[in-house]
Structures are given as structure tokens and as C-alpha cells.
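As written, the chain order gives the labels A, B, C and D, with residue 1 at the start of each chain.
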């Protein structure tokens, strides 16, 4: 089995994005699954092509996109991607969509193919907080999540795909009063547990 | 230099207390300061005697009590201890004081002798969130903090003393929706940085 | 124009539900729109029939369901209803679905027909906090929201429908440490402003 | 009986301060107590003189200072004033003290003379959230609270004094994501209940 795991690069005023940092530190294989890692740009109009190219090259069984969810205290696998782009801030290319449909011919939303509850349980079992989330927002995270589902429907039906949000790193909350965080080591440990749950649910 | 660092044992419904767990993992020495570690009971009427006995035995230069502050996202050195016991829940001996003066002849409050801002800065420098706190509550944490100050005033004038609260561990917030936590490794790292700041401020 | 506004009755351990209390206090008409009010049961298997019957009787132009969102500080018009029932607690009939599809033949999600941004702006203009929400959860609130959209698609295409969550009342947070609330008068004022925005957007 | 109730004027970037707005709307008398109202400047070096002058003029039995506590969801009578000024932002005169003792000859802290638990209970009985707070911070609120206690000790021993923090108004949190607020009417109602409890506890 092969799992492509992507992480966004830093955006907004943050010098670091825990998503790509955690992805870099994932093991090369989990159970018998090979983990392929990919950094992707925090850009609405560029991130999809980068992932798509890697999917064509690697032919993975799963595509899991990882992103930062500032303000959340837990690792949160996402349930649903919606057909809407709406940014509070511009992306790394300066593009800031307002209330735009992602795919004119696409459905309102897609549910993930990932085993959400098994992933949450697995993260709990390694002693870390996790919750199923019912919204991936309307920024680049939801965008890549939706587009991967759309690509799955139209081009890569053999792939299962999903999105996991992780909290800020402790260093990112130093000047954010009482904002929650999770260490990089714990995000890596939690993501590894979630990926293991995916490999086990696949059997 | 010698620093006595205490950590409370578990209380309430928690099977673990990050305070004593973090204390156990502190290095044996920081700069040239020897770190003496002591587990103390979460009991209003017992914790003071346990610390006092160790102070007499060890003759430390500093006494730092560490406790858990559930709900806080940062490591918080405490500024002030107040002359009041008031428990929301009973302590480990089943004792639950309501609005009781700790020392009839004692002052309303004591300020710590610790270099709070230097400690906060040092924790920030290792990439972890920290804030000076203006309240240690009215439970056993404030009690030991106040009593150590009282003992300092009356019996051990050569000692400097203070209190540091640390957040829940990640495993403690699994069933607490969006509650913040800090890993044990990070609490240890943050406390170590704070203790180093104390040794440096002492010169 | 006619707007049917529904409010859920109390559920869980709460003796009161701000949703139905606020609905009761709405004006009888806003601009030229007649406001029809309806209390509905917090029951997955009963609430839809109650609303449907009233829709058939009243032939409204809009159906707006109001529900309580404990923990939120703002009035939150909902963007999207998803095809999933999943309850953390049983409903008022003791029914607690786990991860169940609402309509086997239904789409993954529906977007509301309500003018969300205009509603949020209108609530702000009367001095109250409001945010567009991207999740109505997976409990009875999302259920009625989804089912109204499904009914709209299949039986009442002339209707526009949506959902608005309102915060706890102040009396409900007395024993919930630092939980946000909104007064009944303010929820009524905010909902009235949102309904006015709907009537204006309709022209 | 006569109760002097003060409210601070707006500070920071806020165009309004709920403290003085609520004070203005208090009844003229509660039980048989006459309520004297006073607006005071959010300035470390000016607010005390303004209150002192009014105390000399009015000869009140109680002095209650009211201030805004952004981020709190409940009305919070304060337990203790500490001998320290430390501002995160400058006051309205541009003065920003850092870690300064308020009264060189003053004690570390004073406890209020107000019946805190009775006040909290009374606020609860009118259906509003309230908590005893153990910190009034280190800004102008704590400053006036401490200085009134100091004046009481040295010049006006017949007076009982204290401080009550109230939350942001709803209009103040429109652009603060999920920040709690309390309506002006509810703050007035809660403060009135607290003042009534004071008049009753005095008998």
C-alpha cells in the first residue's frame, strides 16, 4: 500500500507551518504502507496541480492532506469538504476568493473515504486529543480537500482521500493569549497513529 | 546553589499529575545548581510539613513548588500567594476548606521572590508559551505557595520561593472538548529553562 | 411574503431552549413579511413531520429553523447541511443515531438559500456578534436543516430555507465556567435583524 | 446608607466602556441605599484623586469601582487588590507602568470588605453568570481597587470597598471571534442584584 501525505508550507504571518514540519517527520513506512511525503504551496490555484502530478507519478492508494488549524487543541480528521472558497486573508500568491464555487459542475460536498472514528480512536490510544471535525473551513485546506475528492470522482476512482487538521505548535502561541497548541513530536505521533488506523481499516 | 523543586501527586479524578511527572524528569543539575526533587501530597494539612522537613534536611537556596493548572495553555509562574483556602473539590484527604484564612497572623498576600519576567522570557526562548499569572487560585497550590512564604518570613529567611503552574498533559484532555494541553517533554523543557533563568538571575 | 420560523423545545439537561423562547418573542411581521412561529420537538424522527405539516398549511416563502448552539458566543447563520445523523446524547425520544445517512438517495450536503452575509451584516448593524458558520453539527439541528432542503428539492421548490444557531442564555451558563451567552432580548433582536435582511434581499 | 459606584471611561481602542455605561443606568436607590454615581478617568495618576474627592464630598458607606474585563463571560466581584502596577497598554494619559509598586509603605495586598459570595449568589438568582475572581489584573482596575483599600486603611476607616468586573458589551465583540459578552441591561441587572446583596449583608 502507498499513502501520499501532503503538508502546506507556511502562510499568513507564520514563519512555520506545523503541517509540513510534521509530514517531514513521519516514518517512511507504517505497517506495510509506504509513506510518500509532499510539500504543497498554500495557494488556491497551484496546490491542486502539485498534488495531482504526484498522484500520477506515485499512484498512491490514499491521499491525505495535512493542514494547520490555529485555535484547535486536538488533531481533527475532517469529515466533509464543501464546494466553496472564501478567504479571510490572501493566500501565498495574494489571491483571496470571496464566496466562490470551486467546481461549477461539482456537488455541494463530499464525505471523506477515511475511517474517521478509527483514526480518532487510534490517536486517543497514543494519549493524544482528537475529534472528528465537521468543517475544514473555506480556505486552502478545504479547497485541496474538495479538489482531491473531485479528482477522485473524475480521474482517480481507486484512491481514498481525506484531510487532517493539526493545532499550532507551542512556539506559535507565545504571543497568543491562552491559545492551545500541540508539540511537533505529538502531532507526528498522532498522525502516525491515524495513518496506522487507515492501514488497518483497509484490510 | 541548591533548588528544591516539589510536585503534587494526582488529585480529583485524574490518574496522573503532570506536576510530579515533570519534576521527576528535571535534570539533576542546571548550571551549577543542584536540583532536589520532592513529591508532595495534594493535602492542605500535610503538604507543608513534607516540604518543611525537606527544607530542613536539604537547606536549599530556592524552593519552587510545581502544580497543575487545568485549562491553562501556557506555563505560568505565579506572582502572588493569598491568605485564603477555598476548595471546589475535597483534597486527597477529603478535606475541603471554605473561605478559610491560612495564617491568622499572616499578611493578606506575599509576592514571590522569583524573577518572573526572566523566567517567562527564558521559556519563550525555548519556544514554549508562558505568562506571568496573578492568581494561583485558592486550592492546595496557593496554600503551599503561601505557607512557604510564611515559613520563609518566620523560619527560613535565606530562602527564595515561588510557584509555577503547568497545563494538563495531552492525555488528560482527550475527553475535554478543545481544552489546551502541553506535552510532558515540553513542560520539562519549559521548567528547566525557568530554573536556568533563576540560577542566572541569582548571580 | 410569509416566513415560517421554528424553534426546538428543550433537550438534554436544559430546562429551557433559547431557540423556541426567542421565536415566541419575534414580531408578528417584519417589513411586509408575516412571521409564522412553530415549536418543534427535539426528536430526529418527529421534527420533520411537524414542520412539513405547517409548510403545507401555511405555504410560506421561507422556512427558518432556529436552534441552540451551546459554547458559541455569536448568532451563527448556517451555510451547509450534511447528510449525516450522529448524536452525542439521545434526543427527547431517547433515540441516538450513530453515523447514519439521513437520506439514502440524498446528496452529501445542501447549501442554504439564505443571504448569509447580508444576515450577518444586519446583526452587526444592531450591535450584536454574528458569524457565518460552516457546520450545524450532526444532531437534530443539522437533521431538520438537511431534511428541509431535501423537502425543498423534492416537494416545495418554491421555498427558501436555512438554519440559525443562537447561543446559550445567561441563565444557562451560571454553572458553566466562563461559557459565553447572549440575552434572550439580544437573540430576538439579532434574529429580527436577520429576518429583515432576508426580506430585503428578496426584493 | 450611601453607596458610591464608579465606572471607568473608555480606554485602549474601545469607543465605549461598559463600566461607566452600566453605572449610569443603575437605579438611584436600592433598598434604602442611595446610589451615587461617578465617572472616573482610565488614568493611573488621576483616577484616585477623582474618587477621593467624591468620597470626601459624599461620605459614602461603600465605594464600589466597576471596570471592564474583556474576555470574561461572567460578572466577577474581585477578592483581592495587589500592590503592583503593570500595563500591557498605556492608559488614557499615555502612561504605562512596568512592574511598579503602588504604595511603597503599603501591604502586598488587601482583601475586599464586600460580601463576595452573597453578591455572586444574588447575581445567579437574577439568572446571570457570576464568579468570584481572584485577580483584578495589574492595570488601572487593580490600581483603583488597591488605592481605595489603602485610603480606607489610612483615611476613611468607616468605608467598605471593592471592585466588580463586567464583560464586554455584545457590540464590542463583533470583530473578536467567539469572545463572550453580556448585554448592558444584564450588566445593570447583575450589578443591581450585587448592590442589593451588599445592602442586605450590611444589616
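Going forward, a residue touches a chain if its C-beta (ideal position, glycine included) is under 8 Å from a C-beta of that chain, and two chains touch if they have at least 3 such contacts.
It should be emphasised that the depicted structure is a prediction, and the values quoted were computed from it without experimental measurement.
Separating the centre of chain A from that of chain D, both taken as means of CA atoms, is a distance of 47 Å.
The centroid of the Cα atoms in chain A and the matching centroid in chain B are 38 Å apart.
Shown for chain D are the residues that touch two or more other chains, of which there are none. Viewed as a contact network, the protein chains form a single closed ring in which every chain touches exactly two others. If you check each pair of chains against the touch rule, the ones that pass are A-B, A-C, B-D, C-D. If you check the complex, the residues on chain A that touch chain C are 79-80, 82-84, 99, 107-111, 117, 133-135, 137-138. Looking at the complex, you find that chain A touches chain B at residues 72-74, 124, 127-131, 169-171, 173-174, 176-183, 185-186.
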